[in-house]
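Down below are the structures I want you to see.
Next come two complexes, and both contain subunit A; in the first it sits with subunit B, in the second with subunit C.
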Partner chain A sequence: MNRGVPIERLLRWRHGQAEADAPPAPSAEHLLELARGWWERWPERFRAQLMRLRQMPLAYGYAMSPSERDRRGHPVPTLVADAEDVETYTRVTYINVREARFRMRFQVEGAAIRPHHAFDAIFVSDASESPLCAALAVRSHADEYRVDVDLPGHLVESWGALRVTDQMPFRMILRPTDAL
Partner chain B sequence: MSDDSRPSSPITEWPDAWLLAAIRAEPPDVSALDALVARYWTSLYARCTLLTANSETASDLAQETWCRVLRARRGLDPHGNFSAYIARIATNIWRDWSRSSRRAGPLADHRLASLDAELGVGDGDTVLLRDALSDLDALPPEEQVALRLDVDRVLAGLSPRAREVLVSRYIDGESAAEIGTRLGRTEQTITSWIREAIREIRQQFGPSSAARTRGGAP
Partner chain C sequence: MSVPPIWFWSFWHWSTEGFRADALLRGPIQGIGGHWDEWYRHEASIEERHAIDETGRTARGQREFIGWLVRHWAHEAQWRGEHPPARFVLAQLASLAPFDAWHGFDRYRTEYGVGGIAAVVLEEGSQGEAADVRHVEAIALPADGDSTSPPVVAEGFTADATDLRTVRDATRNVLRGRGLAFLLALWTALGRRPYPTSVAVMLASGWVVAAALIVRLLVGPDPGTSLRMLAASLAALWAMLVISGLAVVSAVAVQAWRHGRRCAEQLDRSQLRLRMEGGLSLVGGSAGLPFCINALVSVLRTRSARQSWLWNRVERGIRAEWRHWAATGVITADGRVRAVAVEAKLRAVLAHGGIAGMLVPRRRDAGEPSTSRPIPSAAAAPNAPSPRPRGEPPARRLGFAREMVSVRNYRCGHVAQAVMTVGALTSRWQAATRVLAVAVSVVMLAALPDLRAAVFPEPSPNVIAPFSASPYQVWVSLDARHADEFSVVLESRFWANRRAPVVAYGGASAAPRAELQLQRLPGQLTGDIDDGTVWVERRRRFLTREYAPGERVGRYSLSYVARLHE
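Up next is the complex of A and B:
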């Protein structure tokens, strides 16, 4: 006698049980409030940070030779929004877009920036007053931060072609998650 | 959507495409969002329950999934497969959450080659219970409760990644090749993960579980 229950049937059964036990759906208004990013909750501060970030030169303080730039990539102007806003640069060490999933690793330069477990990373451009996208950047080994996020559709093609040695089409605002 | 073209049917009966178009608008249509959330909440919560093996975390994950969808709402494709989209978002967030706590466990890559050798195709993908049950819902209520506790215990014992691939394979019906493409792994690697997860489930569904499902003392 076949005494086995297929895994699929067992999981589907448990899935059905969970559906029956689901708590009430949250209201749309509640979800919309939760979904607001900090840049929407404090738009004036975001605008001030955006202006400050745009004033940073693309390679301020970096007297890199072309070969070094080719090897290490261009520094990305970055504002770390901690207790006070600190201008710095980040170095992209890995970048990849696959199936609309954006994966990036970067290092924050500057000894004055204390490490955090994670940053809320906002990607901005010179051409838009709104963030291009937002992602959680989690610290991993070697003081790198790792981003792994679904990319908005309009960015998939252009960001998909990026290499770490390219000049990045964004600047970043990093806000420690414990400051949110 | 213009007022002229707005359908007269109740909003709860609107197809996803209409609801998504209304949510993409600025400001978003709150009623349309309520209808869409209601339509997908239970299935999303159930998926999150299997992924997290924890009802409270499942609720948080489902809520965060909607937040992530709403933050990208202007890019929503009204003609896309929203069910698959929201499932993928939930899985991706779950992967983010579990990544920091993930450690090299029983499914570490370096162990996979030997696992391939240990498990033959003939092992199938079944779990042994005392009786061959054609309908688990036909079990007496108390046995359903016991079985559910067993399933939850077993799922909680798996790694987050193992739960993810099981959900993709058996709830979404994705092939190992499709999962591999999505995760950037080979089909063989995914197959090995699934086999190892099944083996762990089998091991954890030990004699005590079988006893509980026949209603006897463990």
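Up next is the complex of A and C:
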């Protein structure tokens, strides 16, 4: 072993070798593609799901009129885009908007829905063809999912007044993160 | 705990106020897990998080927090007039940060820690293994106002909603409906009474003395003048025993009915949570019986049962002995227990080794009343020796003696019977005393007229109409209310002496009378046809036995009685 090689030269050699082995840096176009939501990457699918979601009624037809103390909340029409799209409802168990930060918890109804670690949650409305906002819904306690996201400015005021017992001004598309 | 954890009160108030402000859908008790997760992540201040970390830093701090939660917070905190069930709160928090890293919460991650009799649920393909004996816990939570939320929630397993609703209906039936009536009837007949052993022995002795007095009056020597004293003693003793017995039964029954009604109302306002390990999907309803008993105890636990001796006894009995009990049986909404196949389940219970008693449906093949046999291991079955050919001498085989595992089977046709059994409400010797009491009471009721006549004799009666028109018959009619307590005696030197009982012959105007047939004596001592005295005397009787005649209370000459009709 040649002990006369200076350490700087050795480091330069190692650096050059590492550069040669490293994969090429992603292009800016690819990075932009990755940053786009799935609904932008597959707009046709998103549109089909949106159409299907809009056909779901906003509320159950209860046979009995709810009493004053009845706090069942309003179910939110939801499409779970798993292996196959499943129509279901979610129940909002907590909602809070503070300093443009939207925090929500919800439970997905229906035993047929397999629990996931997280969903990519898309909030859509009947009026707009594009999502109102998107957030990561992480599984929390007892099949509850929590959302914590910055709210777009135009939603802060209207969503800030929402209560869990109100009818929600959105529908949701839930896509398991492991399916992305 | 030296310093109460203010941070937990902060969380609790955030939760209750969040619910009132409609920021939270679930109530602070039912939704406590999610509420804590939200509060701890986003609402707790830096100081509060620091205090929480400080509490959980040592095992002692964790233990003190749990103790404070159970002993203080759960008694002080209220939600809609109900105290939060501490065990449920602990179980909910145990899986959440930061408690999921606290070793003090370890035991609450898999159970509520409230105990409950085990269900024997066979896994698919199982022939009866120890693991098939599954620990079941039930807890009753104040229900939220959500009418769509299920009244019974299965945790750790899935079951048909109809089966779970049946469990709830059967529980309510035992608390309030016919099931309670059946339970009270069973307890009245066979149950232990709420007094100490000394009093029970004293009362049993009283019944024995009463029985002895009856025997003495029936077959003993004629009591003579002491009949009145004996009859009075017997009647007083019996009355005292009956009144005390009825008073105790009535008081306990009324208390049980009132408390049962309150608990049934509590059940209607509650959500039942049933927890069973194993992650099974239940097929069939054979776990209904253990579910129902545990649900019953969970509801009893929510209200202080001190006002009802019976329910208090049931709760304490099951709480003390649940480890040694297992049960199987399909129940109906009215609390009846329907038959299930029990052979493999018995094998599972025997293999478990920790079960001393098993509740099984009342059916013929549910096993012997008492089972005491070695564990028939399903795994050992394939290695069992093949049948020996006829004529071949038996091979010498080694036998390994092992301790016998004993499990006692209790057959139940109704949940009330199961409650009687696991609540240790049955007392054999008290039931035997009750059989004696019923027998004595039946005899006493039959003998009451005789005892009354002995203790409170009728006033002396007068002879009244009608009278016999026949010259050879004398009617002695009496104006007594209980004329059969008298007899009439004719003493004459011309006519044959006669004794006749006073009998009611019926008819609107006919008074009870004694009919004396007049027959001349063969060797008359006098020629006076009117010679004779008619005596009215008291009869002394006890049931079938007639003692020597008693006091003579009336004297009439024969001529007077015989000629009254003229």
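Everything that follows uses one rule, which is that the second predicted complex is superposed on the first by the 139 of 180 C-alpha atoms of A that agree within 3 Å, B and C clash if a C-alpha of one lies under 4 Å from a C-alpha of the other, contacts with A are read in each partner's own complex, and residues count from 1 in each chain.
One rule holds for everything that comes next: a residue touches a chain if its C-beta (ideal position, glycine included) is under 8 Å from a C-beta of that chain, and two chains touch if they have at least 3 such contacts.
Since we're looking at a predicted model, the values are computed, not measured.
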Which superposed partner A:V92 touches (first subunit B, second subunit C, both, neither): second
Which superposed partner A:R163 touches (first subunit B, second subunit C, both, neither): second
Subunit B versus subunit C as contact partner of A:A25, first or second or both or neither: first
Subunit B versus subunit C as contact partner of A:V76, first or second or both or neither: neither
Partner chain(s) touched by A:G153 [first = subunit B, second = subunit C, both, neither]: first
Residue contacts with subunit A in the superposition, subunit B compared against subunit C: B
Touching partner for A:H141 - first (subunit B), second (subunit C), both, neither: second
Subunit B versus subunit C as contact partner of A:R105, first or second or both or neither: second
Shared subunit A contacts, counted only where both subunit B and subunit C touch the same residue: 146, 148
Sites on subunit A touched by subunit B in the complex: 1-19, 21-23, 25-29, 31-32, 34-35, 37, 98-99, 101, 117, 134, 136, 138, 146, 148-150, 152-154
Interfacial residue positions of subunit C with respect to subunit A in the complex: 18, 21-26, 31, 33-38, 41-42, 92, 95-96, 144-149, 158
Subunit A residues within the subunit C interface of the complex: 64, 66-67, 69-73, 91-96, 103, 105, 111, 140-142, 144, 146, 148, 163-166
Complex contacts: residues of subunit B adjacent to subunit A: 28, 30-31, 33-34, 37-38, 41-43, 45-47, 49-50, 55, 58-59, 63, 66-68, 70-72, 75, 77, 88-89, 92, 95-96, 99-100, 124-133, 136-137, 144, 148, 151-152, 155, 166-167, 170-171, 181-182, 184, 198, 201
